[in-house]
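Multiple structures follow.
Below, chain A partners chain B and then partners chain C, in two separate complexes.
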Partner chain A sequence: MESVSSPLRCFGECHTAEKYTDDGVETVTSVEQRKVERSIQEVVSVYKQIHSLPHTTAVFATMTEPTLLRDQHYQYLKKGLRHLSDAYECLDASRPWLCYWILHSLELLEEPVPTAIASDVCKFLARCQSPTGGFAGGPCQAAHLAPTYAAVNALCIIGTQEAYNIIDREKLLSFLFSVKQPDGSFVMHIGGEVDVRSTYCAASVASLTNIMTPTLFQDTPTWIVSCQNWEGGLGGVPGLEAHGGYTFCGMAAMVILGKEHMLDLKSLLRWVASRQMRYEGGFQGRCNKLVDGCYSFWQAGLLPLLHRALFKGGDSTLSLQKWMFEQQALQEYILLCCQNPAGGLLDKPGKSRDFYHTCYCLSGLSVAQHFGNMDLHHELIVGREENRLAPSHPVYNICPEKVAQAIQHFHQLPVPVPAQKEGSSACNTTTDHS
Partner chain B sequence: QHGRVKLKSTAQQEEEKRKEREKKLKIYVAARDAIFTKRMEGVLDDEALQLTQQLLSSNPDFATLWNYRREILLHLETKMYEAELLFLESCLKVNPKSYGSWHHRGWVSARLPRPDWARELGLCDRCLSLDDRNFHCWDYRRMVVKMSGVPVDQELQFTDRLIGSNFSNYSSWHYRSTLLPLLHPESPDPPSPCHQPSHSSPPPSPQTHSHRVCEEQLLKEYELVQNAFFTDPNDQSAWFYYRWLLGRAEREEMISCVFVSREEERVAVAFSRPVNASSSGLMLVLDGQPQRVEWRSVHPHFRHSPVWICALPPGTISDIINEHNLTVHWTEKHTHRDSSFLSGRSELSVEKTSVLQSELQSCNQLLELEPQNKWCLLTIVLLMRALDPLGYERETLSHFQTLKEVDSMRSAYYGDLCSKFMIENTILKMEYAEVRVFSLSDKNLTMLCHLDQLLLVTHINLSCNQLLRLPPQFAMLQCLEVLEADDNAIENLDGLYYLPKLQEVSLKNNQISKLSDLQLLTSCPKLTCLDLRGNPVTQIANIQSELTELLPSVTDLLI
Partner chain C sequence: MYRDRKEWADLEPVPQDDGPNPVVKIAYSDKFTDVYDYFRALLKNDEKSDRALLLTAEAIELNAANYTVWHYRRVLLQALEKDLREEMRYITAIIEDQPKNYQVWHHRRMVVEWLNDPSEELEFIAEILSQDAKNYHAWQHRQWVIKEYKLWDSELEYVEQLLEEDVRNNSAWNQRHYIISHTTGYSDPAILNREVQYSLKQIKKAPHNESVWNYLKGILQDLGLSSHPGLLEQILELKETHCSPYLLGFLVDIYEDFLENTLEHHEEVLSKALELCELLAREKDTIRREYWSYVGRSLQTKYGSTSNRLIWIHSH
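Moving on to the complex of A and B:
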């Protein structure tokens, strides 16, 4: 285990040399990039000033190290689970996501959720479950793969019998079949759009709840492979440019289906490694775009998956201590630039906090702190030891114990027999309530 | 929620706004509950449309409501669609990145009896002018182009305009890369006029269609990209696109070489890329009779390998008197190869060569203006390799020296890349001379590659380089008899694994430090001479006797 109290990478002499050079020819892209770098530089120089104060007392010494504002984040999350302002109106169709983002953030901070609250969350998610299977964005809404993924993850985090029993596995399986397309892809909901997020959502819930049948994911790996393009990353559908969120979904789905070697892993590795920003330390979502804290998970989270896949493929040159990205730089970006002093984390300095960014910045911080698995574990904590978060499962992004517990529970139950035929056409909208 | 803009308000207006928002929230919740009630009752009327419109204006991600609206619309008159398109435009103004809005617009457009695709294209143009990286819009545009049969060359002109105004726009280059192979596909016949617009037949989808582009158009494309990097030599987008263009000639998948050893009764097969022969349908035919053999990869580390080996049943070809005919069939790819030499290198057509020459000239002109520009230097190196790797060898080495100076952070990468090119050149020289001796001494090699092309080499000299190891791939040199690798920094001999013909090994002045490093040498049955002078391992106590015990058949041991 390594604890880095100093020196910080962003304090180094060579750090300013990493800034973007436009060679005197400005474009919209280059102007935006430099604005971001200027704001990062300001943040870093403020920290430097604090750092250079004489540490005469123990209190001062601890203040100069990058610190995760645990208490503030905890208060922000605790409140959010119960009450959200009207600014969250735009997420009225994504309420299970809010449950998952908040619960996962709390488990990373190793803050327990009181039994009463956990039970209330279960009851709420039960109301979000559709009578025809799957979970919707809120009560009375149509089932959708994204809130389904979030609801199942949230219930697995809670991990009680009550939580597991909420999920109607038979209906969930028929929901998955109803959104399955003949070419191997899935639509996000009946009457909805296709993209690679759907394969991850489907594979995640099916594997956790043990409802995988031999035909459910037929042709899905081939479809996912067709989303990988010449850049090395994956786009949302075949033909689109490579994007961090979609790439994570595609890769994680392939890992669940055991088909990760059908992808060109070397070019994927090359693409994602190039997405870490040399000055900021965080990741961008696509080539020539700006850094964003949430990609700390979507992009950096690909490296544990790639590490394991390459290891399985017989590569003996892999490190036994570090992932193939700059872990220290990412932690510095998150701790110095992505925390709201009142609690919650964010995209980049100047942006507002929200629970989505809180979840994925913390998830990325956890990835950067922990290398390895159960047998081989190496930690690298930037700043104080108290910054340490719990490790997260690289495929499902909930804590590994919760994954193991859920799988163990659901594997005692038999796989349901599929009643419905697969592949409704995209234009068929059925009423959910009869 | 990703990428939404939030407005700040002063403290004074805070309370007023809070009351406003509470009121709004009450209205929202009331409307939502009313909608669900209507839906449960199966009502499909104008009021439901009004209510869902209200809600979707503030939350366009509400997929359920879009579904409900679709049900209502199916029920009502088609003329409602027109109003829907207007409504969708305002939704897209609020949030141009809403999945629901774009999908719904696509659905509406497809249902109109006479869709106005020109208008849809105009919408895409406007959206992209506000944010030319919006992939929702790019995807929608692709759908519009496909549905309306917009000629691909028109779209190509569109990318011309976008690229012209912002060279950094990666999305435009990317879109262009998908259009080119459709408009100018590579055909197996010699260059025919490559302008066949695709209205007569449905455009092939990117998945089923090869990504190759016909030569004539490829060369024109170089010109466009050149404009881009001349304008801004430090913008990566153009250089990456250029490199993609240069890489369009893909090597065919095939068996490149078959080697048969009478003495050891084994066959070695080399492929143009790593394969898994155990699942790949590899069949051996001897004198017209298929043989049942077991294929193994050259090193246990590799499930996929370019070289595979099998042992023939004893006695089948060991007799020197008779002639035998042996063929290897790769049934998966419907190709086969007889036991013979092959060098498959595609020659450039005269036309192409002259254009690449002018490319090289242009880049050299740029280099005079920008002597420190690494993109330019690297591209010049790639062009020289495409034209005449041996002829430009000296200039290439000099450019790599400059590259290491101007871009010192990547000097290791340049070291490795230069090593690869030097190895390629040596392979070319070896093939032209038709010899099986391979000399790479004193070439600043930092790594080894293309070892799959050295299956037939009997003597190899790697002395005076900067190698750290003989990697597992080295086991592909199945015919190697003599290995010279003095004066390197080798500490790992993983690749000296079951080399059946290896007799002499010279490893003077390297970094072999433990007896266990030499363990693998026991797998080489014919090894008789071993020179380990100048290695730390020779300082170990009793090293002479330990080595004699480990390798009893090595009669000529120098430490």
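Moving on to the complex of A and C:
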């Protein structure tokens, strides 16, 4: 295990040279980029001032190292799991997401969830389950692949029999068939839009709950491949600009389906490696756009997937210690620039905290700290040892033990037989019309 | 409040049932609770009426991401045979206000499909892009409209205008690729050459613009970077006055393509490629140190002679 107490990469002499070169041609892109760099510089110089004060006591010295504000984040998460302000009205159709973002953040922080609240989450998610299968954004809403993904992940994090038993596997399978398109893609919900997120959501829940049938993902890999573009990354649908979130979803889905080699892994690797910002240390979502803490997971999280895929493909030149991105730089970005002192993490300095960014900044921090898998494990912790987070599974983004446990449980059950069934409706019928 | 309105007195509001011990409980405002209690009531009764349509607009205003409400609104529009032109005006206003929401763009697409009328689309999307030239939903909608209704003709001109305004707009570069791939294609040497020249021109203006370098590689990689006559020489020339980590990476790509496709000068080309990987890893693109080291090792393994291979790998 490697512990980096100092020096920080962002304190190095060469760091300022990494700032954006606009060649004297100012455009909206370069102006915005330079604004962000200025704000990062501000953050770094404040840290530097603290760091250069005399270390008269050991206590003082530890305060000057980048510190993950564990207690503050814990309080923020603990509260949010029960109560959210009206600022969250905009996420009223994403409440399973809130469960997942908070529970995953807690598991990364290795904070246990009290049994009572875990049971309450189960009961709530049961109310979000649609009578026709899949989970909705809230009670009596229509089923949608995104909250379905989030609900299944949240239940797997809880990992009790009660949690697993909530999922109606037969209905879930029929929901997946109901959103499947002839060209291999999936719509996000009945009457909804298609994009590559849906394939990841479907593949994730189907593989965890053991409901994959031979035809469920027919033509899906071909469709995902068609989303890879001239840049090397994947867009939301064929033709669109390469984007971190969509690229993660496509790649992870392909890994689940065992078809990752259909993608051009080399150009994907070049694309994602190029998304790490030389000055900020964090990742951008698209070429020539701004850094954002959440891409610490969507982008950096691709490197473990690529590493594994290349290794499977017989590559003997892969590193045995490090991912193919600058792990230290990413950790510094998250720890110095993405923490709210009152708890919670965020996009970049000046932005507000939220549970989505808390989840994905912490997930990215975990990816940057942990190289390898069960057999081969190499840690690189920036700052104090207490900054260490639990490792996360690179495909599902829940802890690997929870993945193994869920798969073990559901593989004891038979794969449901797909059938076209009209579900009886507890809430109403209108939402189920196409 | 709906609860106080006479015209709604016949409907019993349906409170949200989160259960006895709720989690992720949102402290809804009074207004929010009121509107959604009545929305749930409408849904329960499967009511199809004008007042229901009006209520969906209020529900949307409170949470435009509620896809259940949008779906219901579409059901109502069809059932009540509403004026879709008016719906276009409505969705135009909503998108202007909340252009980064999935549901609003999907709804617009549905209305355009029902009307089978894309005539307002390119202008509308251009207006949204004038406020945020990289809005992903806007570009997605734009690509769909153009493909569906075959509106390719003036798009390259539009892309050039956007690149004139911001040569670093990666979405515009992507659109450029989209248009050309779906119209003339890149196999015509005249087209390919035009695009290469256009790219080199933009490189000279702003050498540190990653988008144009990616575009240049993107359009040449199928044919092979080493196959384009004189390109290597042009890049080596640019290296003197317009160098950047992107140029150096591009050189690595050209050399790699040479190694892949020619048998002569292998050792010389390989050594140049390895030298560049080293330079990038050590000095010019250190954030990608691990990546460039890997590229070097891979090239050495694939193209190196056994003895050199072992020496090189062990030193990296």
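In this text, the second predicted complex is superposed on the first by the 420 of 434 C-alpha atoms of A that agree within 3 Å, B and C clash if a C-alpha of one lies under 4 Å from a C-alpha of the other, contacts with A are read in each partner's own complex, and residues count from 1 in each chain.
Convention: contacts are C-beta pairs under 8 Å (C-beta built on N, C-alpha and C of every residue); 3 or more make two chains touch, one makes a residue touch a chain.
Note that this is a predicted model, so its numbers are computed, not measured.
Superposition note: with chain A as the common reference, chain B and chain C are in steric clash.
Once the two complexes are overlaid on the shared chain, A:277 sits against chain C while remaining clear of chain B. Within the superposed three-chain model, A:25 lies in touch with chain B and with chain C [touch as defined at top]. Using the contact criterion defined above for the overlaid structures, shared-chain residue A:123 touches chain C, although it does not reach chain B. Of the two partner chains, chain C is the only one that A:323 touches; chain B does not reach it.
Among chain B and chain C, the chain that touches a larger number of residues in chain A is C.
Residue contacts after overlaying the shared chain place A:288 against chain B and chain C alike. By the touch criterion defined above, A:82 reaches chain C but does not reach chain B. Shared-chain residue A:241: touches chain B and chain C both. In the superposition on chain A, contact of A:98 is made with chain C only, not with chain B.
Using the contact criterion defined above for the overlaid structures, shared-chain residue A:136 touches chain B and also reaches chain C.
Across the options 1-9, 73-81 or 271-279, chain B meets chain C in a clash only at 73-81, per the superposition defined above. Residues 21-23, 25, 27-30, 85-86, 89-94, 136-137, 140-142, 144, 188-193, 229-231, 235-237, 239-241, 243, 286-289, 316, 427, 429, 431, 433 of chain A are contacted both by chain B in one complex and by chain C in the other. Every residue of chain B that touches chain A in the complex is listed here, in rising order: 1-2, 4, 6, 21-22, 24-25, 28, 32, 36, 39-40, 42, 58-59, 61-67, 70-71, 74, 99, 102-103, 107, 133, 135, 138-139, 142, 166-171, 174, 177-178, 205-207, 211, 231-237, 240, 244, 301-304, 472.
Across the complex, chain C meets chain A through its residues 16-19, 21-29, 32, 36, 40, 43-46, 62-68, 71-72, 74-75, 102, 105-106, 109, 133-134, 136, 139-140, 143, 147, 165-171, 174, 177-178, 205-211, 214-215, 218-219, 221, 244, 285-291, 293-294, 297-298, 300-301, 313. Listed in rising order, the residues of chain A touching chain B in the complex are 21-23, 25, 27-30, 85-87, 89-94, 136-137, 140-142, 144, 188-193, 226, 229-231, 235-241, 243, 286-289, 294, 313-314, 316, 352, 354, 356, 427, 429, 431, 433.
Residues 14, 18, 20-23, 25, 27-30, 80-86, 88-95, 98-99, 102, 116-117, 120-121, 123-124, 127, 136-142, 144, 188-193, 229-231, 235-237, 239-243, 267, 269-270, 273-274, 276-278, 281, 286-289, 315-319, 322-326, 329, 427-431, 433 of chain A are the ones that touch chain C when the two sit in their complex.
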